[in-house]
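Have a look at the structure that comes next, please.
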Amino acid sequence: MQNVLQIVYLIPLLPLIGFLINGLGRKHLSKSMISAVGCGSILISFALSIWVFLQVKGGNVHTAHYFDFISVGKLKIPFEFKIDQLSSLFLLIITGIGFLIHLYSTSYMKEEKSEHFGRYFSYLNLFIFSMLLLVMGGNFVVMFIGWEGVGLCSYLLIGFWFKKHEYNKAASKAFIMNRIGDLAFLIAIFWLIAKLSTVSFDEVFTAANIAKLSSLDITVITILLFVGATGKSAQIPLYTWLPDAMAGPTPVSALIHAATMVTAGIYMIARSNILYSLSVIHAMGGEQDIRNMGGLSKKLKITFITFLIGCIAIAGIPPFSGFFSKDAILLSAFIKNPVLYGVALFAALLTAFYMFRLLFITFSGKFRGTHDQEHHLHESPPAMTIPLIVLAILAIIGGFVGIPEVFMHGGDKLGEFLSPVITEQEHHVSHATEYMLMGLSTGLVIAMIIFAWFKFRNYQRSEATGFGKVLENKWYVDEIYDAAIVKPIKKAGTFFSQVFDNKVIDGMVNGVGRLMQYSSRQLRLVQSGQVGNYVLLMVISMVLIFVIQFFLRK
Amino acid sequence: MGITQILFWFLSIVAIFSALMVISSKNPVHSVLWLILTFFSISGHYILLNAQFLAIVNIIVYAGAIMVLFLFVIMLMNLNKETEPQKHKWLRIAGAVAGGCLLLVLVAALKDTDIKHQQALVNTGGIGLIKNLGKELFTTYVVPFEISSILFLSAMVGAVVIGKKE
Amino acid sequence: MNALILSAILGVILMFSGILFKQKAAIRNIAITGMVLLLAVNVMEMCGIVFFNVNTHGMIVFDRFALLFTTIAFASTLLYLLLSARDMEKVGVNYAEYFTLIFFILCGITLTASFKSLLILFLGIEIISIPLYILTGSDKRNLKSNEASLKYFLLGAFSTGLMLMGIALIYGAMGTFDTTSINIFTEGKPSLLLVTGMLLLLFSMSFKVSAAPFHFWTPDVYDGAPTVFTSFMATIVKAAVFIGFIRLFDEAFGLLRPEWKLFVALIVVATLFIGNITAVFQQSVKRMLAYSSIAQAGFMMMAVYAMNTDAKEGLLLYAVAYSFATIGIFAVLIKMKDYTFDGFNGFAKHQPLLAATTTIFLLSLAGIPLTAGFLSKFYMLKAAMVAGNNLWLVIFAVLMAAVSVYYYFRVIQAMYFKEGDAQPIEVSRSFKLTLVVLAVLIIVFGIYPDLILSHLYF
Amino acid sequence: MISLLLILLPLLTGLAAFFIKDEKLVRTWAVLTSFATLTIAILSLCCMNDTKSLNYHCEWLPSLGASFSLKMDGVAQLLCLLNTIAYPLVFIAGWDKTYKNAKNFFALMLLAQAGIMGVFLAADALLFYFFWELALIPMYFLCSQWGGEKRVAVTFKFFIYTFIGSLLMLISILYLYGQTPDHSFSIESFYNLKLTSKQQSIPFWLMFVAFAVKMPIFPVHTWQPDTYEQAPTSTTMILSGVMVKMGVFGLIRWLFPILSTASFVWGDVITLIAIIGMIYASLIALRQDDLKRLVAYSSIAHIGLLCAGMFTQNASGMQGVMIQMFSHGINIIGLWIVVDWIERKTGTRKMSELGGLAQKAPALTIFFVIIALANIALPLTNAFVGEFLIFNGLLGSFTLYNVWYTVLAGVCIILGAAYTLRMIRKVAYGEVNELTANVSDISINGKLALGIIVVLILAAGIYPQPILDLTSGSTDSLVDKFDILRKALLK
Amino acid sequence: MPINYYIFLSLALFCIGIVGVLTRRNAIIIFMCIELMLNAVNLLLVAFSKMHHNAALLAGDATTIAGTDGQLFVFFIMVVAAAEVSVGLAIIVMMYRNIHSVDVNFLNRLKH
């Protein structure tokens, strides 16, 4: 009797079908049809996800095996989906939020031509499909497929309005930055294969297998996986694509990057948490839906409130959800290492500063966008506001799902649900310390908000100075990358293509030819036409041969 | 030193001297004459070796026919001047040195051959007589003999082809 | 023996035909018929039908190797006559005499291929050489032809001198001219006289096959001679001398191989190098072919170097491949007015069939698979490889073969890929047919060489 | 028998094509016969283990020890399939092109197919060499006759280059032949050779150079960009899609089994060269403005990976190479079709002069993007499977430097993404300009060809296992051989 | 006479012939030098012939004809030389008719 969860393939399949229908039929379908297909497929997936979630809650955990994707020698990589607490939760998040995004988009994109409208929805569907593969994958490879798929979709979405060169560049940059992370992820997978000959979660995370890994292996794999996550979640040092992507054309696509892709990184770390044994993961998961909101609300007048909520949430002001997740992270960082805590705190402060700077710039100053953008700024139809409100509510209450013990005994519902998947580390910190840390961070955050308020209240496009300028330019990291990596690569490429390949390597090859021509030109002069010379040369060669024969050879 | 030895040395010196004169005379006619002298001395050697047939043939064919032909051609071309153009000095030296080296090398190589103690039979021995040679030539060597007629035929045809005026 | 006598007779017949017949076509037909006859009697001798039973006293032996080669040579000559006999008319007035000389040369070729005595070798070489001096100079008003003839003659006579000195020294050492008797020496070290004589023979034979550094006459003579005769002497004659060469060094100096191996290798290297490299810069196709013939000689020389069964088989195959291809190319070249590479520009457009066949000939010369040229080169390489520790020689040969591609393909490029006002040339239908036959034969032998080689053994 | 058919059919139809004067007729003829050959190749899959009906043997040159024997193992089957798939694609894509002397063009193309097929099937070293050259000759004429402006010189360089390589291989073959006890060229005799490591070195390098030139890998690659640029696109497709696989195939069929010790000993060096070449070519591709040259250099990078993958000498790496050979062939043909269309419609290949094709030719752009993404091995495309396995093989290979190799080769994944996206961006995106303003979308035959390619890309990307199963027999036996060897050497 | 004497004498004549070929420009003289070389060979052959005859006699074979072949070879050489001379002189004369010189340095149309 097969497990009922075998049919989970429907969940990713539906968005895929949606993608195909919208993609192929984008010229022929009407907009309403397209939105129906786009949203409908996700909605059904969402419904299925709820059903799956309930199944999992009921204790039915299943790895659905479909076919052998790659099977070489001892290495077997099946195409399989793993449905457990973690993935079912993420299924909910992805299909749920995905649906909201779709819904929102129907209205947001309605002024696009039907062709582009269809293209847009097909991209979105593909995105959801990839995300679903990512979270459902029963092994690292399937996960990687989704992982790259997400990168692809972000590329497509950022470059959606492909006439604009900046967008295209931003898209390429996002993809390449992601690829760096992907490479790390891949190498981690190879490392696992080399050590364990398997990539399946079920097999990798058995105690016996973990025991096979040396501490070096674990360090390398975790670091590589983390780099992979870094690329996808746009963390330092691979974050520079994200701001550009945000600057991209579609707020919705921006949302996707801010939210879902970042989630992907989190999910991956969570999935392999055994290797990390970190307790912060689930908290991070909680944070993401808030960030979604933040991204989503950008640039919309009417949603100032929701945006504000989002900002506050992200900044980590109690009691919004961001507060708890942030503190959970900070706390675990503190447990690990106080220095780490400092860094994390600093990052948190910067986030706060950044968010509020955005807020003030967007809503306090004059409108600085182009005319082109201005027509987007209108009263939002219900299709847009409803998702926003839902999200805002989520942001407010979301925090309480993961509310730590210090506030409410047994409040950490999320942690509880995920405990089969995530090995939690014991907290060895007194509540007093916890409170103190919370207080510290909150205080600093508020201070930062006030600082931002004063700085950007009447923001005009004036030259920023000092530290502000550094921030303005995103720490000049782009410039540093450009100088340290991109330019040398370009220079090397130019050198190789114009000098080395042409002059040196091909030069040597042609040189051989030229040498032949030259020696031919010279050698033929021996053929002087003079009989006397010919005889002389013959006699000399004869003498030489005689000398060799009689006097040199032994 | 018997008469044979004296004759041998005398003929050898004459042969080498006249050969040297062949290549060093400026006047082509002189060269021809010196060459005839060389041939005569070689014929002398043949007689010394009791190869009478060859000695006669050498004088008749070489000294008589061939060299006269040469002389005739040279006269025909009016080349009997002393002002024959000379090769470049260095080329001549190079030629002489190369030829000298060849001689040196060959002599050095062949001075210790395994037959160095053997003697060439002088004065006696009947194989060089016309009778013996003729018998061999028309029995064992009849095929090559006939074949050499083809050579003459082709030389004849050649002379016609080359010499005939068109 | 059949062929030897018949070729001499045919020579005489043609000598008189010039007096009897005034029409050139008649003379030509006699020559071609005679050639067919010659080929036929030679094939008969291969099948065991011998018309003349002459006691040669062991000086000439018509073994299968010799007979097979003479068959090849006669067949090549037949094809050569079919293609180019008409073009001899242009050379000069002595039309019948040219054929006479060619038949005499064939007589010499027969001798060179089947000698057992150094005397016969000497006679054979001379019977080949003297008519060739004449044929080279047969275009009497052409100064180049004169010059070539005189150069050839002087250098040829010089090399004859070397050869005779060699024979004399060998005679001194061994007391015989018989090749098999020369090959017997009992003591551990061979006589110095023998070795010296052998080396002198090596030089003179190298001269005759135009192997470096005794090749100097070749480009000038091939270039200066009337093209129709260059074709003959660069192919059939050269192959014949090679057969003589390998016979001599196998039968007479087989045991001396340690003494000459090194020098032959050096000669191979020098020949390949000079032939190929110098050919690269030539402007005239004819002169390029002259250098190419030197280069090809370098390859054939590898057979002498290797001196094993493969080498002999390979040399026969090489003779076919090289002769056929070169005869074909020359046959086309004779028709051209402009012998430079540029003269071939756009040739394919005007004469697609001729261009196609010429391409096959060139590919064969370059040693591209599916042509006899490849397999013959392959046999040479294989023979050399089997002969022992000499990878370097083989590698060198191969690199030089790659160089050869350069100049052969220049012709192909000119014919096919370059625009040009190709010279309008007129060729008969039978000429085309013969060329096609030649090309087909080259490909057939390139796929299945056993068609030839199986005749070497019963 | 099937293998003989696979060679004979294109050979004979090719020869026949020389005599078909009518251009349309000869084109149809070529397409039909190429489909017929494809059918036979597909049929061959049905009798996978029936060696009797697959293989063929007859006497050829008994005196030399060479025979006309053909062997169709899994690898050969795969590559024959690639060959037979490539031709219809190429012909379909070029259906609306006119060639002067069309009959010669199609005849030579078919002859080249026969030659390539022979290379994949030959089970006799001499025969192998024969076909190796036979595949080259038609290519020479095709490129020199119908190519671009500098075609003659460029093609000639290509020809000489590969010719030297193949001649060196010939020496190696001869050397090995000399070592066989029965003086035979048959592959079995070669396989049974027991040579010391010292004896293997020279023939190994001689042979490797031939394959390296053909593939080509750095630093003997310089013929390739020029040739790809100058050759007629149909020919370039065959050259890059099928012919370069001859080199890789040579490694697996001829080099590894015969000279395994040397392959093992020199593996590190060659892997390093291959990987340097990958980075090198990727960097150059990054700076190319000419589309054809970009694709050419990207191909060098990919082939470098194939070479490195072969020398991992483990199951994963080699199987990866197998599937990647197929994928690369399909993908690059697709890319050429796109590039060709762009060139035909805009008259330029310079990326700096292009742009905005996505608006004017959306179908083309979609195909282009999909194929380009397959080219950079996005998951669920065919190339991903190959590259995944190769990289896995690299990391799992038994060398001290496996991690470095993997990381260095991995850099090319990123560089590959960089130049491919740059290409897409410059060609397809952005505003239209005067060159691209009047471009029409790809024609129906182009769509058909590209459609098939995309289907193949996805099919092999999603379910690659049949291909892997096809070749596993050959690779497994090799891997076993290397395992034994490794154990013996490490002792 | 000791055979070495003959060998050295012949070699000397032979090499003088070669030197002549190398140093002279007149085609006829060059040709004559070649004839000199041939004569050196002839002398050597005759000497060897007598040497082998002697050896056979010393070996006790009183009726031996050993050495005949050497002298016959000389005969053939003379035959060939005669034929060669006729052809050679014909060629030289033809040359002279065209360029009015027998200087081999003027043979330089064909080169490189």
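Note that the chains are named A, B, C, D and E in the order they appear, and that numbering of residues resets to 1 at the start of each chain.
Keep this in mind: contacts are C-beta pairs under 8 Å (C-beta built on N, C-alpha and C of every residue); 3 or more make two chains touch, one makes a residue touch a chain.
Fair warning: this is a prediction, and the values are worked out from it, not measured in the lab.
Novice: Chains in contact with chain C and with chain D: which ones?
Specialist: Correct list: A.
Novice: Enumerate, in label order, the chains that touch chain B and chain D alike.
Specialist: Intersection of chain B and chain D contact lists gives A, C.
Novice: Using the touch rule stated at the top, which two chains are linked by the largest number of C-beta contacts?
Specialist: After tallying contacts for each pair, the winner is B-E.
Novice: Work out per-chain C-alpha centres and flag the one nearest the whole-protein C-alpha centre.
Specialist: D
Novice: Please identify which chain has its centre, taken as the mean of its CA atoms, farthest from the centre of chain A.
Specialist: That would be chain B.
Novice: If you average the CA atoms of chain A and of chain E, how many Å lie between those two points?
Specialist: 95
Novice: Need the CA-centroid distance for the pair chain A / chain C, whole Å please.
Specialist: So the centroids are 75 Å from each other.
Novice: Distance between chain B and chain E based on Cα centroids, please, to the nearest Å.
Specialist: Distance between chain centres, rounded to whole Å: 5 Å.
Novice: Using Cα averages as centroids, what's the distance between chain C and chain E in whole Å?
Specialist: Centre-to-centre distance between chain C and chain E: 27 Å.
Novice: So which stretches of chain E touch two or more other chains?
Specialist: Answer for chain E, listing residues that touch two or more other chains: 3, 7, 14, 17-18, 21-23, 25, 30-31, 48-49, 51, 55, 66-67, 69, 72, 76, 80, 83-84, 87, 91-92, 94, 104-105, 107, 109-111.
Novice: For chain D, write out the residues touching at least two other chains, lowest number first.
Specialist: Each of 160 in chain D touches at least two other chains.
Novice: Identify all positions of chain C at which a residue touches two or more other chains, and write them in rising order.
Specialist: 119, 123, 126, 130, 133-134, 137, 140-141, 151, 154, 158, 172, 192, 196, 219-220, 406
Novice: Which two-chain combinations touch?
Specialist: A-B, A-C, A-D, A-E, B-C, B-E, C-D, C-E
Novice: Report the residues of chain C in contact with chain A in the complex, numbered from low to high.
Specialist: It is residues 151, 154-155, 158, 162, 192, 195-196, 199, 203, 207, 213-214, 216-217, 219-220, 259, 262-263, 266, 274, 277-282, 403, 406 of chain C that touch chain A.
Novice: Per the contact definition, I'd like the list of chain E residues that touch chain A in the complex.
Specialist: Residues 18, 21-23, 25, 30, 104-105, 107-112 of chain E touch chain A in their complex.
Novice: Over in the complex, which chain A residues touch chain B? Could you list them?
Specialist: Residues in contact with chain B: 532-533, 536, 539-540, 542-543, 546-547, 549-551.
Novice: Please give the residue numbers of chain B that touch chain A in the complex, ascending.
Specialist: 87, 91, 94-95, 98-99, 101-102, 105-106, 108-109
Novice: Of all residues in chain B, which touch chain E in the complex?
Specialist: 4-5, 8, 12, 15-16, 19-20, 22-23, 28, 31-32, 35, 38-39, 42, 45-46, 49-51, 53-54, 57-58, 61-62, 65-66, 69-70, 73-74, 76-77, 79, 84-87, 91-92, 94-96, 98-100, 102-103, 106-107, 110-111, 113, 115-122, 125, 127-128, 132-133, 136-137, 141, 144, 148, 151-152, 154-156, 158-159, 162-163
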